[in-house]
Amino acid sequence: MASTASTTANTTAVIGARLGASRAARNRRETVLRILAPIVVGLVVLGIWQFLVSVVGVSDYLLPSPASIAEEFAAYWPSILQASIITGTNALLGLVVGSLLALVLAALAARWRAIDLMSAPVVASLAVIPIVALAPVLNSMFGADSQFGRQAIAALASFVPVFVNTLRGFRQTAPVHRDLMKAYAAGSGQVLRKLTLPTARPFALTGIRIASSLAVISALVAEYFGGPRGGLGGLISTSAASSAYARAWAYVVASIALGLLFYLATLALERLVQPHRAQR
Amino acid sequence: MTDTGRDEPSRAERSLAERSPAERSLAEPVEAGSLRQAQGAPAVEITGVDKVFDTRSGDVQALEAIDLTIAAGEFVSLIGPSGCGKSTLMRLVADLDEPSTGTVTVFGKTAKQARLDQDYGIAFQQAGLLPWRTVADNVALPLEVHGVASATRRDRVAHLLDMVGLTEFADRYPDQLSGGMQQRVAIARALAEQPRLLLMDEPFGALDEMTREKMQADLVRIAGETGAAVVFVTHSIPEAVFLSDRVVVMSPRPGRIREIVTMELGPDASSGTRAGRTEGLREERAFFDMVTAVREALHGAPVAGARGVETR
Amino acid sequence: MTDTGRDEPSRAERSLAERSPAERSLAEPVEAGSLRQAQGAPAVEITGVDKVFDTRSGDVQALEAIDLTIAAGEFVSLIGPSGCGKSTLMRLVADLDEPSTGTVTVFGKTAKQARLDQDYGIAFQQAGLLPWRTVADNVALPLEVHGVASATRRDRVAHLLDMVGLTEFADRYPDQLSGGMQQRVAIARALAEQPRLLLMDEPFGALDEMTREKMQADLVRIAGETGAAVVFVTHSIPEAVFLSDRVVVMSPRPGRIREIVTMELGPDASSGTRAGRTEGLREERAFFDMVTAVREALHGAPVAGARGVETR
Amino acid sequence: MSGSRSLSPKLPEPVEGLPEPVEGAKAHRRGSLRRAQRASAVGWGIGGILALVALWEAYKLLAPADGVVIGGLRVLPRTTDLAMPHVWEMLGRLAEPVTRSPNALPLWLVILLAALTTLGIAAAGWLVGLVVGVGLALVMQRWRLAEWGLLPWIILSQTVPLIAFAPVVKSWGSRIEIGALEWQDWMSVALIASYLAFFPIAVGALKGLQSPDRIHTELMQTYAAGYWATLWKLRAPAAVPYLLPALRLGAANAVIGAVVAEVSTGLQGGIGRILIQFAGQASGDPAKAWGPIFGAILLGLVAAGSVALLGVLLKNYRRNEETA
Amino acid sequence: GDSGGDGGGGGDAGELTPVKLQLQWLPQGQFAGYFAAADQGYFEEEGLDVEIIPSGGDIVPQDALANGDVDYAIAWVPKVLGSIEQGANLTDIAQIFQRSGTLQVSWADSGIEEVADFEGKKIGSWGFGNEWEIFAAMAAEGLDSTTVEIITQDFNMNAFLQGDIDAAQAMTYNEYAQLLESVNPDTGEQYQPEDFNVISYEDTEGAMLQDAIWADTERLESDEEYQETTVKFLKAVIKGWVFAAENPEQASEITIAAGSGWGPSHELWMVNETNKLIWPSPDGIGIIDEAAWDKTVAGALAAVNESGAHLITEEPPASAWTNEWIQKALDELDGEGLDLTGENWSPIEVELQEGGN
């Protein structure tokens, strides 16, 4: 009996070791694939693009080859950096202000139903206004000589997802948790700090993550419709207007990178503020 | 209706005054006068309570004409079919809801005052842990809310986690625990402030039989040690029998108390000490008899003799 | 440890070889030959099965050296502490997972073939109804998937709903049902194709005691009527005892079969017909004795006279 | 105390959540109560808009013409008629003819016609976005490698300013001629609209298709159900609650995309066109420019609202959504 | 673009040669001649079925032409010079506008009276290549683009009216009129020309040639059918512009019917001012004046924008312009009694109505 047991244990250990190794390998493979897959997809697309332009001979007039875009990117790097800073600053200010406003208003709307109901049509409308419509109005209101219009547009664009998600978050406190706080005779401030805010936090963070890309793209598109020059949007349009498409695409690449940067920054913020994310 | 003594009276003492007819037939005659005990207020006193919920689809009479007194230190289980109002009754005691008519007093005060005074600890059917707090922080929550100094808090939490066997898991988050472990955290949290009254709504629902039995034994011990009164909601007859001094059997729609069965569990148990409730009890004859008694109370009539053997 | 036969031996035949000492003492001598059933392959045959899960935090040996044969028409319960591998074992039979070593055959075929041939019906611990389908459509789901004609389907669903007492609720949606009703729909669904083998993983976990008892009686009846073999996972000893021909008691980490206890429940029950399992049974002496036998098997040894908490 | 209610041999059914029978009068009272509740929600909503109007006019009345400038930064807007026309002027302008031409239509009608045109284009873009988004979601659900490879790019795709490739789309489109179908300019606009619409749909559909609990996928497995049966009977219905908000967002995005693409490609007839045209006239006729802005908002609300109506049809697939 | 009759004309469409013309903005009086040619049937008379395609903010007409999406495009010379340097192969076949219509408008009391005064000011421009005249004029004054703050103007003149911009770009035919249609809040009346200082680039070294008709160089060299079409096309266009010169009211109505959203007074102003940029045209309408061309090239070479990019860095190829086809067209029209030089033309007086409606 004892010997059988130890044999079994040995077999188990052996099987275990084998499976353990295979799992570690699987894990590593998955991580590698997760990183590699998008890179491969990107490279394949770039490859096909370059192939079409340089070998098949599709006109590279409107759609320049990746190589020439890279060349322009390098040549205009200082201007690209400066433009990215201008647009990035607008987007960042808009994101921060818009998110803060959304958080505050969501808190008010969660607290007072009247505010919620009254803000509903206004928020729904904000969500469907095209930037083309908003930009000239804001430029007239706040002055075309300042970046304020773009920042306001980025703020409004950020406001909507943050408000909607946060408001939902404020409503997610579980009845059992509310009962618990009541059983503790907790004051309203304590309930807010210990329950309502932590419950809403992941929802708000999700909203901010969505808003981050929106802020960049909105700040950039707003530059098409008036205001000081020098941002990425203005340079994309100016370059395209003089048929310098490779340069235009170099600025587009910069705008994608800026969007990615914002997205990753909000992801990092999420990790920072919320080190443990419960699986749901 | 009940007239439980002010202190922990022996089961035998209380038996006549409180028992249902069915129960009474089991009881031995006892001197009525010996029941009275002049000591502090009872843990819970429920008098003429009705509770009506006004729902979208109409009124629901959740509780009707409830009278129940629970002595300090007494362990009372509520049992009854789903929807009979057990949770509702417990929520009234906890002042999480208000009775439509009647009064609820806790240690002689209003339920609200008792809540504000933190006279009870509560554990819900769901563990209800805050997912963003570690196990230790969850247990510490009531202490934090009530401004207990952080050093004291730490000691107390460590002690509680030790008690529920989760010391190693202090820094885990709830989603990293099994259902049973979460329940134990919730129980530790309910005990954090050493309340004189424990309200527990099916706290062991998520546990497997063995863990459940262990937790039952622990609960009996802890309640005994701290002298806390316990109101315990359960669906399990053996659990109710094992734990309680008295089992309140309820009937549904409208929720009423059908019977109150006082536990008579052999020589040890009848002495009134909870220490008598050990594992062996579960296999004693008296245990099965009480299970049968509660089962019959629950089914509303003695189980017909036609089927099987009457064990009484 | 256990040495279950490769084929379905009668209870009596197996009794000596398999039973725990406690059980053995309870068994009455029965004519071996009378139980033999000369029929095709056993419903389930598990031979030398190990199951190792390869998790992030290391390997988990969920099952070790499992040998178990379940005869056609037999009702077998699996019981054991949480995490002992009951669900895993059932999932292997259902071909939802594969054994690390050893083989599982179902009606003489591989588990996979049996799954493709729809030889079994399954009910999980949660009801697992599709919320967007009415009760009737949920029951019809397996029939739909297998292309049963709609008229046949309707008849069959009507019959099944009648059987579980939910005819009136055919057009309701799952969220309009109580937990117990949902469970019954899930059971009806599991029975939809009249499988020769029913796999049920704690199907009554969500029910209150009364509903649970009613469902147990129904299940016994239905399994008897259709002659299906049943593999039934539960945490409740009384439930296992009430329902089963044999109770497989498992021990945790690694999950092994500790004992197989054959039920001996009075004159009716010993005749092998399930009809003997009526409500009265629960209050019979033999029932309590079998409960005690399983409890002891579960705890690994006769419950000691000495009191104390079993922590295993 | 016991047995006020005799226990039948059958068990009492715990039927919580079931609508309990109520007398007609009570049901009626509740019905009208809910209607009253909805009416009050609408009332509050209108109140919100009126409050905004009041704020606008009050601010215009009280604040300095040049707005509020703090430290060189104008934090509150100017109140000139150019920047903030009176609400009644904006509304009144809608009733007047669009120009002094003898056969000019009233402004509101011009806006309405343009909005309908754009709505049609946006609907086409939304449909394309639906097909592409759901297609991508299906591929990503089926093959995890596809999810890993594509999803990051799908997210990144939305940071490309779509005006950057409007000319490319228009140019390539103009070369397409498949049989009788000749590429129309509105199709370029619809295609660009679909670029904004597909994103939430792809993400939402993927989430939805991946949403079934393990218990359900395993149930299908025990039925030996194949990919398509599982898709049809399980994944698709389970995806509905995720898909509906995604479709609503997609509709709003399609409208925004269509308007921007109209401006970008210079398509005639839609709301984007009159948006810039009247914006160009805003110096002389400030109120006129607001007409198409209101039109664009209304258009977005109508588009999103119609998709919400779709949700009513599919309400049985969203039974476990909260009603909030 | 339902102007100019689209290809679906059924039977007779088969006989007509389909032609696509890309405009550089929305339909408006600036393009009245083309709309008039379509409306009056001049294209059909020449056997052409012309589709007039308006442009939006991001469609660059010369790129649509270079990509082969259209057959001819209307575009400003400096912008196309940039495209040619980027690889487009295009030829200016008719210089419809003989003069630059770009103004820089400032308030009368602003002290900005010439380009030299721009220094340190906020200068408005639409971008999209419209800024090169400013940079060229500034370059001629020894100013580089970093000495001013360039502000992108949007679709209207609000930024200027509200003081965000010190000097705004304005076309004589459009934005300048927008100013005069706006109400002066101080007087409650429309603004008057005296309220503004107007710098016309035509009077500066920055002046550049504007609306020209561009054709595909390669097709022009090798494709005879295209050559024929080009002449026919130019003939019809000339007739259209002559019609607009003689019947500005009618031309304005035609443009409105073609989808311009402007009111009659603004549209008529636009046609009239456009006519001023075309007529008189001493060598005949559309003939490219080499001196003006060279001045445009010089300006384009001199201009550097604020990101340091040059519009062009070398002389454009000789193929960039030719008078061959316009001359042929003029010759063929000779004797039909049309005033091809505008010697008898004179502008009309247009009273702008408030709001431009």
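When the chains are written out, they are named A, B, C, D and E in that same order, and each has its own residue count from 1.
Operating definition for what follows: contacts are C-beta pairs under 8 Å (C-beta built on N, C-alpha and C of every residue); 3 or more make two chains touch, one makes a residue touch a chain.
Protein names from UniProt, one per chain: A, D = ABC transporter permease subunit; B, C = ABC transporter ATP-binding protein.
Quantities reported herein were computed from a predicted structural model and do not represent experimental measurements.
Engineer: Excluding chain A, which sets of chains remain joined through contacts?
Structural biologist: one piece
Engineer: From chain A, what is the lowest number of touch steps before chain B is reached?
Structural biologist: 1
Engineer: Ranking chain pairs by how many C-beta pairs touch, which one is first?
Structural biologist: A-D
Engineer: Averaging over Cα atoms per chain, report the distance between chain D and chain E in Å.
Structural biologist: Taking the average C-alpha coordinate of chain D and of chain E, the gap between them is 40 Å.
Engineer: With chain centres taken as the means of their Cα atoms, state the distance from chain A to chain D in Å.
Structural biologist: Measuring from centre to centre gives 20 Å for this pair.
Engineer: Centre to centre, by mean C-alpha position, how many angstrom separate chain B and chain D?
Structural biologist: From the centre of chain B to the centre of chain D is 52 Å.
Engineer: Based only on mean CA positions, could you tell me how far chain C sits from chain E in angstrom?
Structural biologist: Roughly 87 Å separates the two chain centres.
Engineer: Provide the list of chain C residues touching at least two other chains, using ranges where the numbers run on.
Structural biologist: 178-180, 208, 210-211
Engineer: Would you mind listing the residues of chain D that make contact with two or more other chains?
Structural biologist: 11-12, 14, 16, 18, 78, 82-83, 163, 167, 171, 263, 276, 279, 282, 289
Engineer: Considering chain A alone, which of its residues make contact with at least two other chains?
Structural biologist: 62, 136, 140, 143, 146, 224, 237, 240
Engineer: Going by the contact rule at the top, pick out the chain B residues touching chain C in the complex.
Structural biologist: Counting only chain B, the residues touching chain C are 81-82, 178, 180, 207-211, 213-214, 217-218, 235-237, 278-280, 282-283, 288, 292, 295, 298-299, 303-304, 306-311.
Engineer: Mind pulling up the chain D residues that touch chain E in the complex?
Structural biologist: Against chain E, the touching part of chain D is residues 78, 80-83, 98-101, 163, 166-167, 170-171, 174-175, 185, 262-268, 273-274, 276-285, 288-289.
Engineer: Which of the residues in chain D end up touching chain A in this complex?
Structural biologist: The touching residues are 41, 44-49, 51-52, 67, 73-74, 77-78, 82-84, 145, 148-153, 155-156, 158-161, 163-164, 167-168, 171, 252, 255-256, 259-260, 263, 272, 275-276, 279, 282, 289, 292-293, 296-297, 299-301, 303-304, 324.
Engineer: State the interface residues of chain C toward chain D in the complex, per the touch definition above.
Structural biologist: Within the complex, chain C touches chain D at residues 94-96, 115-116, 118, 120, 122, 124, 126, 128, 130-133, 141-142, 144-146, 165, 173-181, 208, 210-211, 214.
Engineer: For the complex, give me every residue of chain D touching chain C.
Structural biologist: Spelled out, the residues of chain D in touch with chain C are 10-18, 213, 215-216, 218-225, 229, 233-234, 237-238, 240, 316-320.
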